[in-house]
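Letters A, B, C and D mark the chains as written, and numbering starts fresh at 1 in each.
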Amino acid sequence: MRLHSALWRDSKIDELFEPAAEISGLLRFETALARSQAAQGLISDAAATTIAELCATFRPDMVALNDGISRDGMVMPKLVNQLRAALPEKHRDALHFRSTSQDAIDTCLMLQLRAAIGILESRLGESLASLDILNKGFADVAQMGRTRMQRALPLKAGDRMAAWKAPLQRGLKRLATLKPNLLVLQIGGPIGTDPSPWAIRLGELLELGVPPRSWHTARDELANFASWLSLVSGSAGKIAVDIAMMAQNDIGEAAIAGGGRSSAMHYKSNPVQAEVLVAIGRCNAALLGGFHQSLIHEQERSGAAWAGEWMILPDMASHTGACLRGLNQLLLSVEFNSGR
Amino acid sequence: MRLHSALWRDSKIDELFEPAAEISGLLRFETALARSQAAQGLISDAAATTIAELCATFRPDMVALNDGISRDGMVMPKLVNQLRAALPEKHRDALHFRSTSQDAIDTCLMLQLRAAIGILESRLGESLASLDILNKGFADVAQMGRTRMQRALPLKAGDRMAAWKAPLQRGLKRLATLKPNLLVLQIGGPIGTDPSPWAIRLGELLELGVPPRSWHTARDELANFASWLSLVSGSAGKIAVDIAMMAQNDIGEAAIAGGGRSSAMHYKSNPVQAEVLVAIGRCNAALLGGFHQSLIHEQERSGAAWAGEWMILPDMASHTGACLRGLNQLLLSVEFNSGR
Amino acid sequence: MRLHSALWRDSKIDELFEPAAEISGLLRFETALARSQAAQGLISDAAATTIAELCATFRPDMVALNDGISRDGMVMPKLVNQLRAALPEKHRDALHFRSTSQDAIDTCLMLQLRAAIGILESRLGESLASLDILNKGFADVAQMGRTRMQRALPLKAGDRMAAWKAPLQRGLKRLATLKPNLLVLQIGGPIGTDPSPWAIRLGELLELGVPPRSWHTARDELANFASWLSLVSGSAGKIAVDIAMMAQNDIGEAAIAGGGRSSAMHYKSNPVQAEVLVAIGRCNAALLGGFHQSLIHEQERSGAAWAGEWMILPDMASHTGACLRGLNQLLLSVEFNSGR
Amino acid sequence: MRLHSALWRDSKIDELFEPAAEISGLLRFETALARSQAAQGLISDAAATTIAELCATFRPDMVALNDGISRDGMVMPKLVNQLRAALPEKHRDALHFRSTSQDAIDTCLMLQLRAAIGILESRLGESLASLDILNKGFADVAQMGRTRMQRALPLKAGDRMAAWKAPLQRGLKRLATLKPNLLVLQIGGPIGTDPSPWAIRLGELLELGVPPRSWHTARDELANFASWLSLVSGSAGKIAVDIAMMAQNDIGEAAIAGGGRSSAMHYKSNPVQAEVLVAIGRCNAALLGGFHQSLIHEQERSGAAWAGEWMILPDMASHTGACLRGLNQLLLSVEFNSGR
């Protein structure tokens, strides 16, 4: 957390990726795995119940867990180790049975992304609603269309708002197409080849789709979702740069209530929210270029490509959350008029 | 053209973006525009016919046209000017009527992308077919699964090929969803607000979809297509890095017929095709990050954001064409065995 | 903070950018500004002393400050406001006199970067020292040189280490050239044009260089430093990928003590530190592409370009810190031998 | 070559990377290699003279050469093969003796970059000279300083020009530091370990520096030069965005002679040169992010990382050439005044 980071981070989305939330997701996976394997007769019901009871209240030894993360490059070996130590000996092998770190961590990511998408989808809807309200108030305001940074021909503020709206609507539509493909279990066991007959039940328990096979190394759905994040934040950035340019004193086609103040010039009202949206759009675009590097995921599991995803995706989601929160604020605080 | 550029460029796709092809597309647009406007009674049939006849045989003065491009930042003002000079005075105003440079250039881009997508789609199909043939030959070959660059558990070559196949298949499916939204007319006139009643007829003539409104400044469909290009080349890069690693002398699970030679070591057989696919995947990912910057497209037309697209998209398409050509070659020239 | 983020973040560098540290740096700037302006007779000594005393103990109202940040897009307007409210009325105007938010925030960034560079420089030195120790132990080990992922000709482990060492040494040398140009005051007042006659004294007090003029909008030194961060992490990534490839079971030229464990396969020893270094190198490269977007800094202060820097630079510095910490660990835990 | 690509490409720099120029550079390398090895007594003077005579007039069979490039992933194996076939049998082994493709191609790149840097350095000097002329004419013009896209305080046009000038001057200075480290021979033979006792003479013949050891896999100097290209084009982009904003009709602080025309609106004068400079700055920044990926260059030669450099660096150099040409034009065609 940095002094200015609330400008481009979303605390609700950040929460989803915090250690407590991630451990909770991993424990939820282990519980559902045991339950679904017990339903298949692969482990005993007693084991599944004992695992579920442990996971419901388990608090890891975080110091040892962090040591494990440093050593193993991920949380699962030590977490499984701590959980097994807390289980009666007879049930230890039933935990994390025929599973692997990637099944747990990727499935947990899907639980996190499902929640993040819920927030983003709802905020995108709010921005569209705010845009409709703005449109009701100002659609007929006469303004000057400008192309290539020069006056071109008159238009109405409603023309601008229609141009802003379409990509946001397409964003919602794309998300509807993308979600069922993205939000699926990770299954496959140590090298992604286990047919995992418990998958259907596991999917029911976690309310995630069941993919035809593991996607340990096929990260295109994730990369496509990263692209969606950048499409949304870039489309918001376009609205923002327009409003910032309309709000130039010499143009005066937009007025933003509650503009940012200056420490030196008391008369100023800066379009700070708009500027931040531009910064987010540009940063997310660059991060997208980084995320797509991880498509080149060598062999049956690449620790490098996988860690590259971890470094980038939660940030992109958080930025996009802040972007849509800010877009909504901006749309609710701007007024249009016919300029100077 | 550089000495090595055939490795990562596709001459068939490059041809689509060469000056002759682009001028041909622009003339096709002007012809169809005139025809469709004549059908609406907005210009005379005689004018439309004269424009069509001129465009069918017109060869621009390229020296003057290039001067125009330098001055105007795009081809249309001078091209329209040259065309008008070649028309009888009475039909001059009928040319490019209620249109604008962006309508012409973006619609022409759609004609180019349609052809490029045809090539890419067909090559993706070929790669999938080659993968099926490879799978028939080698699915049951026992190999060693490797995670995090260490031996993990045995698998079959068919397991690897299944992991490679899924993202390519999803690529085809995504393309089917994406095409009707992408391949649409650009209409809207000088500032994107003209309702363009001739659009339906224009769409029929050019066999392009008719969008609900102009997308002069809403570039999300293009950016989503750029992302598709990177998804495909990244997925090919994953196959390539796997094959290069399997072909390491010390592993010996893959043998590539016709491997690259060294100028110094005559015994070597280098997996050069695989290496190039990795390079393309990484370059396209970086270019994607650049392309998405252009989502932040200010006002009613941004010369900066638009030129940014021009700089990047044809290269990404060409790289992806070379990538799929190379992927097919690689899949046709590799053999799998059980290693050392 | 995320469960895995200690892998790629450095807590010592992160601390430098936390709110408490940043506020402390900003207060240090205001104190030194007042002192240096008093030395010029621009404000009274009494005012400077009162300001200094206040800043030495001031604890901002963080709730109100965070509200101010949201509203103003940066911390200074509200922080100056809170400080002035805590000053006797007669000294209020002497605070932040002829200054501006950017003077304070950029100068504070220099204090932060100076400390971060100290850490990075020292770690780079440690990695070089560890490499020398490794070289003493293993320089003569016979290994196989591999080009284009195929066996080429024999070499010594010392040849590899010499290739690894040179870019790290150049990194130190580049840093020595870069530091005096980078670590300078930001001066200039509201629009960067104030000659700031107090600059020499201010530079002495903060132990920062005095630039010939303000660099409010000329961000090339910062972008060059971002590039340095990526050069270092990319050079470390090269060492890491080499060690991971040497440590492949089938090659066996490197053995890493304390390798990462698997949750499913107890016999594995994963080169997790090496993999993380590769991930950091790739992520920093992408972030560099994002940072350089901020070179295009419009007018006398771009809130968008400036916020873009804030989003990226502390992360790149933190990643590089983790990278050098990890590189040192890796070099201290690896052993070389002649392979299988 | 595309219709619009002259906007962002520089034909003089492109020429340096065309097949004819590259082959000429490679032949020059082979000639100088033979001469310098003969001076050491490693090959006979007769062989060196015969090789030099052949290289002076040799025209490769381009069809076969291009086949070789496709197969080998680079030009050298086939080129050496063709050259040897044209030599008397007794001198064949003397050609490319103890050398390798990378020694030839990288050294040739240095010859190309030296020429490209000459062009860039001279253009940067011209832009600085044009800026001085502009400053003489308009330094005292009163304008309005704008921060965060809002009017702030008055300034002089000279204040703006001083802010533009500094990073260009630093660019020249950085280039002077960077050149002697960058423009060096590549030596080392097949796996980069050959001490190459002929290096000093080879460096004299090619007028390139002699590095302490081969940099086959240590690409930091190249990546640092790529960063320099982006620093320059980003700094030009800042000037350009300022001029485009000053030239807004509603601000009117800049007038650009010979502005771009519109195909639809005859009254417009578009700041097309400025817009292109912004596009180049953004594209180069993204390409820089791609180039730095190649720092992670595995083993003794990575075909993937090396090809990644080939894909990107000549484009960045060409874009920067076009950028500086355009910057100079822009500075020569703009006039400043006090606005509306």
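Miscellaneous remarks
Rule of thumb we're sticking to: a contact is a pair of C-beta atoms (placed from the backbone, for glycine too) under 8 Å apart; a residue touches a chain by one contact, two chains touch by 3 or more.
Given the structure is predicted, the values throughout are model-derived calculations rather than measurements.
Relative to chain A, the most remote chain by averaged C-alpha coordinates is D. When the interfaces B-D and B-C are ranked by how many C-beta pairs touch across them, B-D comes first. Separating the centre of chain B from that of chain D, both taken as means of CA atoms, is a distance of 26 Å. Taking each chain's centre as the mean of its C-alpha atoms, chain B lies 39 Å from chain C.
In chain A, the residues that touch at least two other chains are 73, 146-149, 152-153, 190, 241, 244-245, 260, 262, 265, 270-272, 275, 278, 282, 285-287, 289-291, 293, 302-303. For chain B in complex with chain C, the residues that touch the partner chain are 146-153, 244-245, 247-251, 260, 262, 265, 268-272, 275, 286, 289-290, 293, 339-340. Contacts from chain C toward chain D in the complex involve residues 73, 145-149, 152-153, 155-156, 159, 162-164, 166-167, 170-171, 174, 177, 181, 190-193, 212-218, 220-221, 223-224, 227, 230-231, 234-235, 237-238, 241-242, 245, 278, 281-282, 284-293, 295-303. Those residues of chain D whose C-beta lies close enough to touch chain B in the complex are 1-8, 17-19, 22-23, 66, 69-77, 80, 96, 99-101, 104, 189-190, 241, 244, 258, 260-265, 270-273, 275-276, 278-280, 282-283, 285-287, 289-291, 293-294, 302-305, 307-308, 310-312, 314, 319.
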